[in-house]
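Dropping the structures in below, format is structure tokens.
You will see subunit A twice below: alongside subunit B first, and alongside subunit C after that.
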Partner chain A sequence: MEMIYLIFIIFLGGAVATYLLGKINGVLRDITFLATLIVPAVLFYTQVSIGQTVDFSMSGMNLQWGITDFGYIFAYIVLGLGVLAGIYAVAAMKGKENLGFFYSNYILSIMAMMGILFSRDLVSFFIFWEIMTWSSYLMVVFSGKDVQKVGIKYFIFSAVGAYAMLMAIVTTYSLTGSMMIDSLVTAYPGFDFSMQLLIPILLLIGFGVKSAMMPLHVWASGSYSHAPMAYTAVFSGALSKMGIYGMIIVIVSLVSQIPEGHWFREVIAWLGGITAVGGTLWAVAQDDAKKLLAYSSVAQLGYIIVGVGVGTPLAMLAALFMAVMHGLFKGTLFMAVGAIEKQTGTTNFTEVTGLIRKMPLTFLASLMSIIALAGIPPLGGFIGKWMLYESLVGSDHYMLVIVVFFSSTAAFLYCYKFLFGFFLGQEEPEWAHVKEAPAMMVVPMIIMAIGSFILGVFPGLILNPIDAGLQELGYASTQGRYWEMSMLFNEWGDKVVLQPILYTIIAVFVFFFVFVVAKNFKKTRYVSTKDISSSGEIPKAHENLTFSRGFFQPFLRAVEPLMKHQIDPLYTGFGRGMEAIFDFVRRIYTGNGQTYALYAIIFAVLLLIFKNQLFGL
Partner chain B sequence: MVGSPVLLIAIPLLAAFLIPLLGMIWKELVRIIPGLVLAYMMILSASLLYYVLENGPIIEVLAGWRPPIGINLVFSPFTGFLATIMTFLGFIVWLYSYRFKRNVEFEPSKKYFIFLMMLVAGSVGIVLTGDIFNQFVFIEIVGISAYALTAFYTGRNAAEASFKYLLMGSLSASALLIAIAIIYSQLGTLNMADIADNIHLMDPRFKVIAMILFIVGLGIEAEIFPLNGWAPDAYTEAPGPIGAAFAGIVVKAGVYAMVRMVFTLFDVSGAVDFLLIIGLITLIIAETTALRQEQLKRMLAYSSIGQMGLVFVAFGIGTTEGIFAALFLMLNHAIIKPLLFFSGSYLVFNSKDKKISEMNGLGKYMPMTAAFFALGSFAIVGLPPFAGFWSKLSILTAAANEGMLLIIALILMVSVVEIVYYFRVVNRIYFFKFDKVTSVVPHKPRINAVIAMAVLGILILVIGFYPDAVTGVLHQASDDLQNTQQYINNVLSVGQTLTN
Partner chain C sequence: MELLTHILGAIATVILAFVVGMSYGGIVRKITARVHNRIGPPWYQNFIDAFKLYGKTTAIHHGWMQIMGPAFLMVSSVVTLMFIPVLTNGGWFPNLNFEGDLIFLLYLMVFGPLGMALGAGQTGNPNSAIGVTRGLSQMVGFEIPWVMALVALMIQFDTTSITGLMEAQAQSGTWNMFSSPFAFIAAVLAMLGMFRYSPFDIVGAPTELASGPVSENGGKYLFTMMSSGSIFAFVKLTLYVDIFMGGADNLVILLLKTFSIYMIPVLYGIVSPRYRTEQAIRFFWGWPLFFGVLALIYASIF
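Let's turn to the complex of A and B:
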């Protein structure tokens, strides 16, 4: 049997088995769940080679599955994050109800994402896209909070996006007579101009929704923060990347073939820039860690979209690198928030403080991810951002540089808020009982944090596959010398440039470690954070010395004009208006038999009057 | 050949008259005999369909009168396909309602099963007959049993709903009768093939009036807007399985009659486009109305009307692909909507008002029924990998091949509305907290009902994962409807061979 089929059969069977075992035995269920994630991942990396395809036919359409170099990059994100977050989920979700349902949805999501990457034709692409949508929807509503608002909003946006995509797909089918993505790409330059515009726009609506591009992002904050954190790590880290995946195919493979494609790119890049700024500002204003990270995800996806829109080889390299990095560090951060939520029961900065000593490993993972997110060397985020700036400057997008730079500077504010709010500050007696999260939760976080460190120092590990993927998309072959594109890398090669910095950092760490150890040899007096009598003050037990409320008020006041214009109320208003219209339509059905008989007679009379127009006689 | 198509009509009618007598021997026979009859019909019609797909249509001449004069039954891939769906659903409805309210007395259950059988027999008759007056008679048989079944729960609301249905039904009957009279006065024949053969001879003024009367008369049965006012009330007040039978059997017969009239009987060019327009209007109005409904069955009823609108849109595209898509949608709707009615009526079983807002948190207490409802909802809004997706995809590709982009956009927008109202209900069932005061008291479904629902659920999954299981039949059926000349030749040649 073809290995590709086997992978999907394992996923599907595992999803069903997990659900059924959830009714019988918890341990068996957990084992099946993890096996269903790990076995296909192993099979995929060992048995499936790039370019291998399987063909079959369904309902009269020829379908083809196979993985490309380009899809392989995203497969790293999906499977890597999927497995790690899956391990985390087993510990994080322990004791919740309906776990079989949760796990089987989780597996279905991962399967759907792999399916999207495998699909070489539009029908299976759409099928997997929809499976991904509804399985993620079921996760968003899993907690039962604000189901009819947040959940339905997510599904409406997803459905609009998916249906826009479906319209593009059937139009393509009628134009080319084939469902293959490749035949769309080949036939695209020969289409009418109106079709050349319509098809990419419809596809971009679909992909823009999933990648939370302005103005289609309004579902993101609610959905990301309402889904269980174990899933949000995948949701924000991997699932949103599927939008990026599709967007790159549309932008690079389709619209670049026509001269007007330039404008598409500009518009997309600017939408990405606006998304980045808006997401960042709203993230700064949040007091809830989940919401903060949700908006931060929107902002980070904005950077990636900027890179995709600009579309020079370096920008694409940056975008894809950031996509991988974002999966790593945002996944870790959502996991950390999940750990804090599990241990303390809340994710609000204004309530939880001073966890640094109680959850040191979570703190360490968060710290490294925050450093990566903020783009500070030597972690991976820095390299992505640097390449993005360089590509923007190199392609004369100076205004965009300013926008992106503003947003990534403002991002420092929420990065600080996250670290300070949870981990630093005064230790409240209320949280004295808090312990470190279970090992199964901590280990994936630490692995991913280390991963973002390694990618920061040895970016070549992931830049190599990205380079191969870009050639698959039709970029000129760099013959393995892609690192020459950026001044960040030097002639030593792709991996080596940051090693001096690495050695410095290691030296600092070693020094610090020696210092701490040496200091601990002495008799140390441990004091509580409130023991500051040396400063001449003795605060009372309940006196608040730190603040974790109302951060950055001056900054928020300064940017208020920017944040005043929201698009969400417009959508809500539109939705209300539609419901009002529908309610009006409903009144046609009066419930009165006489009225209905009257309708029938009026209908007959109208047909008789307009018979010439209708029936041409 | 395993039997004659006549048996599909004769046996249930005979059984309907025998049941009261048999009931005197043993009361349980009243429940069992209909099941046996419906099962026989299902098997017969399926095996006939299998035969027909291989060997071409069967034209059955009744009472030895040759076709232009006598009544004939046409069991072709198209009609046979519909007859098979109907008999299958009839059996499933019987299975579901076998122990339906066991405490119901002997007398009501006798009526229930007799009328159910007449409903199925009449619908099959509408589909199979090759004679318009005979079709009218079958429409009346279906109508009378449907009125009676609507008023099954004696009460003010049921009686009112039944009366509205009766009112519209008699309008329909009068329109049809006048139309048939006009055609007979002009062409001197009632045989469909003969009419189709000679329709070009008819005076256009009479032709268009006859057609408009047909549209009004059959439109009431096929639930097109604005002739469908009776439908929501009837679906709501009738017992749950009867709602399923209306959606899966009765309406399908109405749609068949309408389509046969437009595609075969008349040669009016604008009629197909008219189907498209009226289908779109029906679709949009019904789906938007469904969004604001408070009662579950009423919502399902409007959704059912909307789906019929979509079927007409697909027929109205006019190409073979469009007809294929329409038949596919009819098949899917005939599987999915009964599942929704079956599971939905168990979900609100103990409720008086049958309101959606009473369904909070039932998923935990009625896991199986709720799962079937969710499966049905996912399938009917066209989410892959369930059955509804393939029919939606085929409608859209058919429309795209004709360049109808605006219509595609409208269908998809309406689909979003559909998603919203179905998911609101699913959300309530699964993700809301069960409330002892406001929620319905859970009711465990009976084993036969579970089997009936499981059969439909499995079919949804099978078609969803392997659409090719049915596409072969659908392709033959759609070719069959498209090819009017062959229909005429088939029927009339039987007449000639008999004469010789």
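Let's turn to the complex of A and C:
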């Protein structure tokens, strides 16, 4: 049997089995769940080769599945994050109700994402896309809170995206008579201009919803924060990347082929830039860690969209590298929030403080991910940021680079807020009982944090497959031109050599750490954070001096004009308008027989009056 | 052998930066005092303060992150120093100049403040955190015109490396402060915020926040922070000299150029009252931003 079928059969069978076992035995269910994630991942990496395809036909349609070099990059994100977050989920969700349902949905999401990467035709692509949407929707409403507000929002936006995509698919079929993605790409230059514009726009609406591109992002903050954190790691880390996957194919394979494509791409790039700024500012304003990370995800996807929109080889490398990195560090951060939620019961910065001594490993993982998120060398986030800036400067996007830079500098604010809010500040007796999260939750976080460290020094490890994927899309090889295993170059030949930098940083750090600690540490004793002198007075034990409310108030005051305009009220207004129309329509159907009789009479009278015009009698 | 010269050169650079930075700090105190019609401390007062702090024993600490804070801060200042050409021809200071570029430098420069902010956070003193939030907010303010100036230079000379910009100035024979004046103005206005003298000293707010981020630190911690601050001042001044004033051939010229540029934020600061944080941010998004945009337009036309 073909290995590709086997992978999907295991996924499907595993999803059903975990659901059923969930009603019988907890341990068996957990084992099946993990096996269903790990076995296909192993099979995929050992047995499936790039370019291998399977064909079959279903009700007259020819379908084709196979993995490409380009899809392989995203398969790393999906399977890597899927397995690690799965291990985490088993510990994180322990003791929750309805776990069989959660696990089978989780598996279905992973399966759907792999299906999207495998699909070489639009029909299976769409089917898997819908499975992904549905399984993620069920996760968003899993907690049962705010289903009306958050769940419906996600659902409506996904539905709009799906319909747009369906229209594009049907239009393609009517124009080319084939459902294959490749035949769309080959036939595309022959379409007339309106079709050349319509198909990418419709597809990009579909992909833009999933990748939370402005102005289609409004579902993201609620949905990311409402899904269980174990799933949000995948939701934000991998599932949103499916939008990026589709977007790159559309922009590179389709839009680049039309002469006017240049402007189209500029618009996308600027939408990405605005998304980045908006997401960052709103993230700074949040007091809830889940919301903060959700907005931060929107912003990070904005950077990726900028790279995709600009589309020079360096920008594409940057976008794809950032996509991988975002999966790593944002996955870790959502997991850390999940761990804190499990141990303390809250994720609000104004409630919980001073966890650093209680959850040191979670802090370590968060610290490394935050450094990666902020783009500070020597961690991996820096590589993506560097390449993005160099590509923007090198391709004459001078204002856009400032916009992106503003967003990523403002990101330091919420980075600090995250670390300070949870881990630093005054230790309150209220949280004295908190312990480190279980090992099964901590180990995946640490593994991913180490991953982002390694990629920061040896970006070539992941740039190699990215390069292969880009060559498949028609780019020339960039190895040696823009990057080596641990070196980066820009268009003008300026370089950053990562290894000596790392060694220097480590050497200086160790030297001064020893300098501060040597002869000093034994004599000093630890005192609690209550033992401080604030303005010359020593606070009493019951006095809570934690600074967490209005954390960045001065900054928010300064950027107030930028944050005044929101897209959400516009949608709400649109929704209200539609409701008013529907309400009017509803009033016609009064349910009263006499009113209907009146309608019939009016209709007959109108017919009589206009019979000459209507029937030409 | 080559490694040894590199290491010795690096140590020499650090010592130079430390001495120059500390002396400048002392001279500034003297100048400020003279403007205030006081006598003021001697120029070497900062050395006395620093070594007194170094000699003190530390009795308490609040945890590992606090101890790592000063080390993080030092990493940022020393490593950025390694990437900045001190003299045009390298000379005794053959550091890692060719291994990184300006964008790398921009990001490395925030490494320390962020690490130090974490260290300050663990002390639990609310003043530290308040100072940090003000500092970070203000940083977002001045980074924008600063980056605009840098991007303008990058696109004008088609390079992002500091050595590349220095070569371009050597070839054309004019300093960048004359060949791209708007970028220079924007960068100098941004520098006012970078050095945190008045009117942008709300971060430390010496009178009411007890020095902001560094409160709760004493002894060796404070010594490390203080020397890191001095080294970092030297780094920033040398960077300005390198990219706008053609670098320096020998130490005397370097001192002349850095000192003269250092006087801009210092003298502006002495006669200024203090901005609130949001006023400071708005200041940077006013005229400095305007000059930044001008610089970008100028650079993309020429």
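To be clear about the criterion, the second predicted complex is superposed on the first by the 550 of 617 C-alpha atoms of A that agree within 3 Å, B and C clash if a C-alpha of one lies under 4 Å from a C-alpha of the other, contacts with A are read in each partner's own complex, and residues count from 1 in each chain.
Just so it is clear, contacts are C-beta pairs under 8 Å (C-beta built on N, C-alpha and C of every residue); 3 or more make two chains touch, one makes a residue touch a chain.
Note that this is a predicted model, so its numbers are computed, not measured.
Peer 1: If you tally the residues of subunit A touched by each partner, is the higher count for subunit B or for subunit C?
Peer 2: When the residues of subunit A touched by each partner are counted, C comes out ahead.
Peer 1: For A:Ala336 in the superposed arrangement: first (subunit B), second (subunit C), both or neither?
Peer 2: neither
Peer 1: Scan A:Phe551 for contacts with subunit B and subunit C and give back first, second, both or neither.
Peer 2: The answer is second: A:Phe551 touches subunit C but not subunit B.
Peer 1: Counting only touches as set out at the top, which of subunit B and subunit C does A:Phe412 meet: first, second, both, neither?
Peer 2: Only subunit C is touched by A:Phe412; subunit B is not.
Peer 1: Can A:Met322 be said to touch subunit B (first), subunit C (second), both, or neither?
Peer 2: Neither partner.
Peer 1: Output check: A:Val277 vs subunit B and subunit C. Expected answer is one of first, second, both, neither. What do you get?
Peer 2: The answer is neither, since A:Val277 touches no partner chain.
Peer 1: Going by the contact definition given at the top, which residues of subunit A touch subunit B in one complex and subunit C in the other?
Peer 2: The answer is that subunit A has no such residue.
Peer 1: Which bits of subunit A are touching subunit C when the two form their complex?
Peer 2: Of all residues in subunit A, those touching subunit C are 354, 356-357, 367, 371, 374-377, 382, 385-386, 389-390, 393, 396, 398-399, 401-402, 405-406, 409-410, 412-413, 415-416, 419-420, 423-427, 490, 492, 494-497, 500-501, 504-505, 508-509, 512-513, 515-517, 520-521, 523-536, 545-547, 551-552, 554-555, 557-559.
Peer 1: What residues of subunit A sit close enough to touch subunit B in their complex?
Peer 2: So the residues of subunit A in touch with subunit B come to 57-60, 123, 126-127, 130-131, 134, 137, 141-142, 144, 147-148, 151-152, 155-156, 159-160, 163-164, 166-167, 170-171, 173-174, 198, 579, 581-583, 585-586, 588-591, 593, 595-597, 599-604, 607-608, 611, 614-617.
Peer 1: Using the touch rule from the top, collect the residues of subunit B that touch subunit A in their complex.
Peer 2: Where subunit B meets subunit A, its residues are 160, 163-164, 167-168, 171, 175, 204-205, 207-209, 211-213, 215-216, 219-220, 226-227, 229-230, 232-233, 268-271, 273-274, 285, 288-289, 291-293, 378, 383-385, 389-390, 393-394, 396-397, 399-401, 403, 405, 408-409, 412-413, 415-417, 419-420, 423-424, 427, 430-433, 466-468, 471.
Peer 1: Flag every residue of subunit C that touches subunit A in the complex, lowest number first.
Peer 2: Residue list for subunit C touching subunit A: 57-63, 65, 67-68, 70-72, 74-75, 78-79, 82, 96, 98-101, 103-104, 107-108, 110-111, 114, 117-118, 121-127, 129-130, 132-134, 136-137, 139-141, 143-144, 147-148, 151, 154-155, 158-161, 164, 210, 215-216, 219-221, 224, 276-278, 281-282, 285, 292, 296, 299-300.
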